[in-house]
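Shared chain: chain A. Partners: chain B in the first complex, chain C in the second.
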Partner chain A sequence: MKSKGFVKHYVLMLLPGYAWVIVFCVIPMFGIAIAFQDFNPVRGILGSKWSGLDTFEYMFQLDDTKTIFVNTLFIACMKIVGNLIVPLTFALMLNELRITILKRSIQTIVYLPHFLSWVILGGIVLDLFSYTGPVNQLLALFGAEPAVFFAKAPLFPYLVVGSDIWKDFGFNTIIYLAAMTGINPALYEAHAIDGGGRIKALWHITLPGIRTTVALLAVLSLGNVLNAGFDQIFNLYNPLVYSTGDIIDTWVYRAGLLDLQYELATAVGLLKSVIGLILISISYVLAYRFTNYRIF
Partner chain B sequence: MVKDMTIGSRLFNIVLIVILLGITLTCILPIWYTLALSLSSKAAAAGGLVWLWPVGFNLNSYRELLSDTQFFHSFWISVQRVAIGLVLNFFVVALMAYPLSRSTREFPQRNALMWILVFTMLFNGGLIPLYLTVKALGMINSIWALVLVAGATHGLVFNVILTVNFFRNLPKELEEAALVDGAGPWIMLTRVFIPLSVPVLATVSLFNIVMHWNEFLYGLIFMTREEFYPLQTYIQQLVVVFNPNILDEEQMKMMASLSNRTLNAAKVFIAMIPILAVYPFLQRYFIHGITLGSVKE
Partner chain C sequence: MKKGFLTVLAAALIVSVSACSGNGGDEQAKGPDRESPGTEASGSGKTGEDAPGQTIDPFGKYDQLVTMSTGQCIDPTAQDTLGPGETPSDNVYTRAIEQEMNIKTTSYWTVACTNLDQKVSLAIASNDLPDAMKVNKVQLREMVESGQLEEMTEAVKYASPFIQEAWKTTNGEAMASATFDGKLMAIPGVGSSDGALHNLWIRKDWLDKLGLELPKTLDDLEKVAKAFVEQDPDGNGKADTIGIMGTDANDPLYPTFLEGTEKGLGSIFYAKNAYPGYWVKGSDGSAVYGSIQPETKEALSVLRKWYAEGLIDPQVGVRKDDNEPIVAGKAGIFFQALWAAYTPLTDAWKNDPKANWQSYALPLDANGKWNQTVNAPTVEWLVAKKGFKHPEAVMKLANYRMAKGDHFEEDLGVEGSNMPLRTSFDRRDQMTAIAKLIKGVFEEGQPKETLDVDFEPALYPDDYNKYVQVKKKPYDNYDIQNWNLEDMAGFTRMYVRVVGSRPLMDPNRNDVESLIWEQTPTMTKRWANLMKLESETFYKIILGSAPLDSFDQFVESWKRQGGDQITKEVQDFLKQ
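Let's look at the complex of A and B:
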């Protein structure tokens, strides 16, 4: 092969990208040291005193820590399940639609919310559910008292999960639909000749045909157990719903950047990152084992 | 395709279409409602009289918006951010993906380098160390904090992996032919790989545009003054933080009449327009891109 002398060019090509990644992704990793320090922002990481595991001890005594971990797990798990089932159901229904133009139009529209930010959608959702908003107007037709939905702590996690599923279900159907186009049409024809109905075809051909894709997505979603969605909750929550809606990421933001508890916020962030890394590694191993999936 | 037109099948189709259209409407109606609200009179909006058609149609909220110079300033910051971020991302992704798509025989360090990248995608220092790094670099209140930090932390590595996978699936024969013709790595990248990779590079670029346009947190933490906020951060501060929902129900009832729902709706709607504008173009590529990243051999 002629390409032997190419390596130095390869290194040159990689230089800008790696410099970029190292400065903004790798260097901050050393900042984790703050969690083990009595951090003094003026002296910096190199000048601050080490405090061992004090911050972690303090962290485990805090009631907040338990609350945010429980909230995060609860919201994230509901989102994982919902974001698997709802898009799958929708994709199955859409796949049964035989009118191509209608199918295309529906697909185009349902992808849209995915591309709008939670700042925009947060503004819209809060307005829809506000005291004089359409949801309350609608419920008033059935004689319900108006309510401020996003001020009710018990309701908050469900509103978060529901709006999250609503935002992304369309986009998440793409993968299922792609997997469905990969099923051999001869199977459906054989099924029809044997006198099988459409519901049966769905159950015995379509679903088994995309089993691998569903399994893969389920396994990979394991890595998200501690990601309940910062952007969304940050734009929807308020102090009245902290008890049920505050998650690790939003708490770290408030504790670290608003209350300037650098050590504590870094320690909680670190705990989250470590657990996340372990879970993602497990999910990648499982995905490779069962579906032969590889990242690169 | 199987065609059967029994009564059961027809009923099935009708029920299916009704359900699908119902669900589809939920994706478009909130946006439509926001537009209607922005075009309504303040009184109608505050009284909750607006449904899907403007009540007391007027353009006052848009007129009012014109006097909000910060809105347009922030809009411009977001445009700059997207433009710089797009160019930077395009070059860096293409440059990184080519060497990393080589086999270990051609580029022995390839796997180790790839794992370093993947590790940064799976593990990070967290918000506080990132903030302190950016501060130490003197990038507070600089647009570079927005372009470079979001560019590196939101999807750069993922985009590189997506592109690497695409490059690896291109026919080997083209590459060999170019080699025989004496092409070096730079010619190979610019004349063979990039032209053949338009679908994936377009997908990656469009994801990047959407990310930079939508990102608000870095604007919030790295910009200490409103005049440096990108649009989403500016709107976040206005519409969401000061939303009457942060009050309890009693205060809420008082605030409902005071809050400027029509102006907020106008801002939200204007901020959506760039996404709505690139959306048709997005459509063409991203389906290909997303299936590329998830379902592969």
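Let's look at the complex of A and C:
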């Protein structure tokens, strides 16, 4: 009797969660049907005519489709690598800093950008790299010609990745620093008694100590590969850099909302989801292999 | 796993907002239709056939108050021009409409004008529409196909004589653009064709200072632009001047048969006899698309060279606002219609009243012709939501704006975007006619009464007095020192009609029309992606990030991705 009541309360607690999933996740799934239809907003999904795989055929004909998938993968992979290496290095350096006040203030300053939205931060980045902006003025001191950075397609992905790292590395550093405080101080003491230096301590104690955290974060971020960051790119890009900067989400936004090509936008979005599902499954398996982390 | 779900859904969500609506609607619009009912039926000046039990009076007052919700775009700076307690949907203009015609406009939504297209598209997709709004071609077609619109065939009978005249000057094109399966589904606006030709605007004081001649050909233009960049025409000792202004990020490189531009570099293409974005006659007489012709490649090579030499704004295509360097007195040349005397030049003169901006019918092509593409007759349509009881109220609103709107704008200073559904209904040849009249009176000794024509609102009887006020003698010298800038509004108004319109009377003027102003069935599906391919390739070539020969590859991709099919459809359409 007692345990039955217990289970009942458990189920009740889950209800809001289920409701959320159903309303916001399951019901909108029917929207996928648009990709197979000659969609008409007034008739809705139930009333529109079916068009089979026509949209997908057209989608694979478009040069854009390949471009945006390549761009998305490229930008996202660079972001994952950059967002792993930079904060890790920074955390290791900060950990070696013995002056607490300096350490704390640096921490605070570098994580501030994390709390600004891309609308604001995007404006700042655009200004920094503008034709008359500080970066060009700095380069001019070395005799370089001013450049329009955000008109250069080959450069754009790097500016995106760079600014993304700038925004979040301070915040990610905190995670690593937290992991480092979890390392048993006795190890360092033993190391010091044995006559080891700080570099060796870093290499043999600190790094192995946070190994699982690093691996876990790396593996989990794999699932996010296809989300290369709509907010950021939408605020930074312009038609001149579509060829290297257009990602799936920004393309779907323009095709679907601005050009009213509902079917095409849904089809591309669906393709993205299918690939995303595969990647997430892979990362899930990897997470289990390397760090023994699993949800189910 | 939940994440996988979410990714799927995030994408689906974008479009699924619209999923749960559905009140039916008839399927229409199988393609463009050249019939044009309405104008022909109702003679000019007369009221046309009466609807049963109701007399047609374009300015008549309703017995009972008619409320109409509108979608309105607001220029953020327009707020400053409103009086205390006034709003975009409740101001001296809307109250006048309410008083004189018993039509009350309310605001269903307002949005910044830069986001208007997006807002309208969203409203269409979610079927959450105001009673009346202004849409573009793609949106109109989408709404017709979805059955979201009230028919306008009856409503246009209320058009004022002035608007009917304007429609007539388009040879039925305006009406055809709004007609689907023989039914008129929207009220088409009309833009004057000569009000969209892009003059060469140039700082004549800079030319004089550097001892340069007015540039006639592209080669001359190159030399002048080079001098403007290198010889410090503003005399501040810094190399900070721009030769030729390009476009900003919101404006296309050149106008197309569907869409105009504010500035753009179309004139350079036209001087090479290239007409990108337009459907023109090819060498064999059949319709071809200008962007894929060899002349376009030639023009691109010129622009590419100029950009590499720094003659064109280095920030072409990415600049946030291409008016800014002009206002700041840092640019010497740009291409824009005669309206440039309003924006950006009004602000430029506020900074520097000596800036002698003049406009000319230049540059010329190899045969000495000033080629300019003509804009589409209609680029904006007024529509009423299906089920709205008084579609003719939309028409009446347009009548009112054309008859009295300028009074509110010019005399009372109501900013245009604070006037709901403000749309232009100009005669196609309006600006040329006005320019000729003014020239006739002030330089050829015609009596001043010839100015009293029914060209309202572009010309007032009062304009004679205004002209005498702002223009110093001699009347045939238009340099800035011969103008009186104290009454800035009056001055710019006349400057548009005299200096801005001067190129329209040029004997070298050669208007190039598009053979088609409609979208064919394949175009509605593929055009957006083809245009994107086009503008990306052209920008890359100009900025030097792709070789000139990538043009050939573009032509091939363009044809493969639907261009060949579209060309065939256009040719078939023209054979009918």
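Definition applied: the second predicted complex is superposed on the first by the 269 of 296 C-alpha atoms of A that agree within 3 Å, B and C clash if a C-alpha of one lies under 4 Å from a C-alpha of the other, contacts with A are read in each partner's own complex, and residues count from 1 in each chain.
As a working rule, a contact is a pair of C-beta atoms (placed from the backbone, for glycine too) under 8 Å apart; a residue touches a chain by one contact, two chains touch by 3 or more.
What you see is a predicted model; the values in this text were computed from it and never measured.
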First (chain B), second (chain C), both or neither touched by A:Ala178: first
Touching partner for A:Gly269 - first (chain B), second (chain C), both, neither: both
Which superposed partner A:Pro239 touches (first chain B, second chain C, both, neither): both
Which of chain B and chain C A:Phe60 touches, first, second, both or neither: neither
Comparison of chain B and chain C by chain A residues contacted: B
First, second, both or neither for A:Trp203, with chain B first and chain C second: neither
Touched partner set for A:Cys25, first chain B, second chain C, both or neither: both
Touching partner for A:Pro154 - first (chain B), second (chain C), both, neither: second
Touching partner for A:Tyr288 - first (chain B), second (chain C), both, neither: neither
Set of chain A residues, in rising order, touched by both chain B and chain C: 21, 24-25, 28-32, 34, 41, 44-45, 131, 148, 150-151, 238-240, 249, 252-253, 256-257, 262, 265-266, 269-270, 272-273, 276-277, 280-281, 295-296
Residues of chain A touching chain C in the complex: 21, 24-25, 28-32, 34, 39-47, 58, 61-64, 131, 146, 148, 150-154, 223-224, 226-227, 238-240, 242-243, 249, 252-253, 255-262, 265-266, 268-270, 272-273, 276-277, 280-281, 284, 295-296
Chain C to chain A touching residues, read off their complex: 1-16, 18-25, 117-118, 121-122, 124-127, 138-139, 142, 145-148, 249, 314-315, 317-318, 525, 528-529, 532-533, 535-536, 539-540, 543, 545, 557, 560-561
Complex contacts: residues of chain B adjacent to chain A: 1-2, 4, 8-9, 12-13, 16-17, 19-21, 23-24, 26-28, 30-31, 33-34, 37, 46-48, 50-51, 91-93, 95-96, 98-100, 102, 105-109, 113-114, 116-118, 120, 122-133, 136-137, 148-149, 151-153, 156-157, 160-161, 164-165, 179, 184-186, 189, 210, 213-217, 221, 232-233, 235-236, 239-240, 243-249, 252-253, 256, 261, 264-265, 267-268, 271-272, 275, 279, 282-283, 287, 290-291, 294-295
Complex contact set, residues of chain A against chain B: 1-3, 6-7, 9-11, 13-14, 16-18, 20-21, 23-32, 34, 41, 44-45, 90, 93-94, 96-99, 102, 106, 108-113, 115-117, 119-128, 130-134, 136-137, 147-148, 150-151, 166, 170-171, 174-175, 178-179, 182, 185, 188-189, 192, 197-199, 213, 216-217, 230-231, 234-235, 238-240, 249, 252-253, 256-257, 262, 265-266, 269-270, 272-274, 276-277, 280-281, 295-296
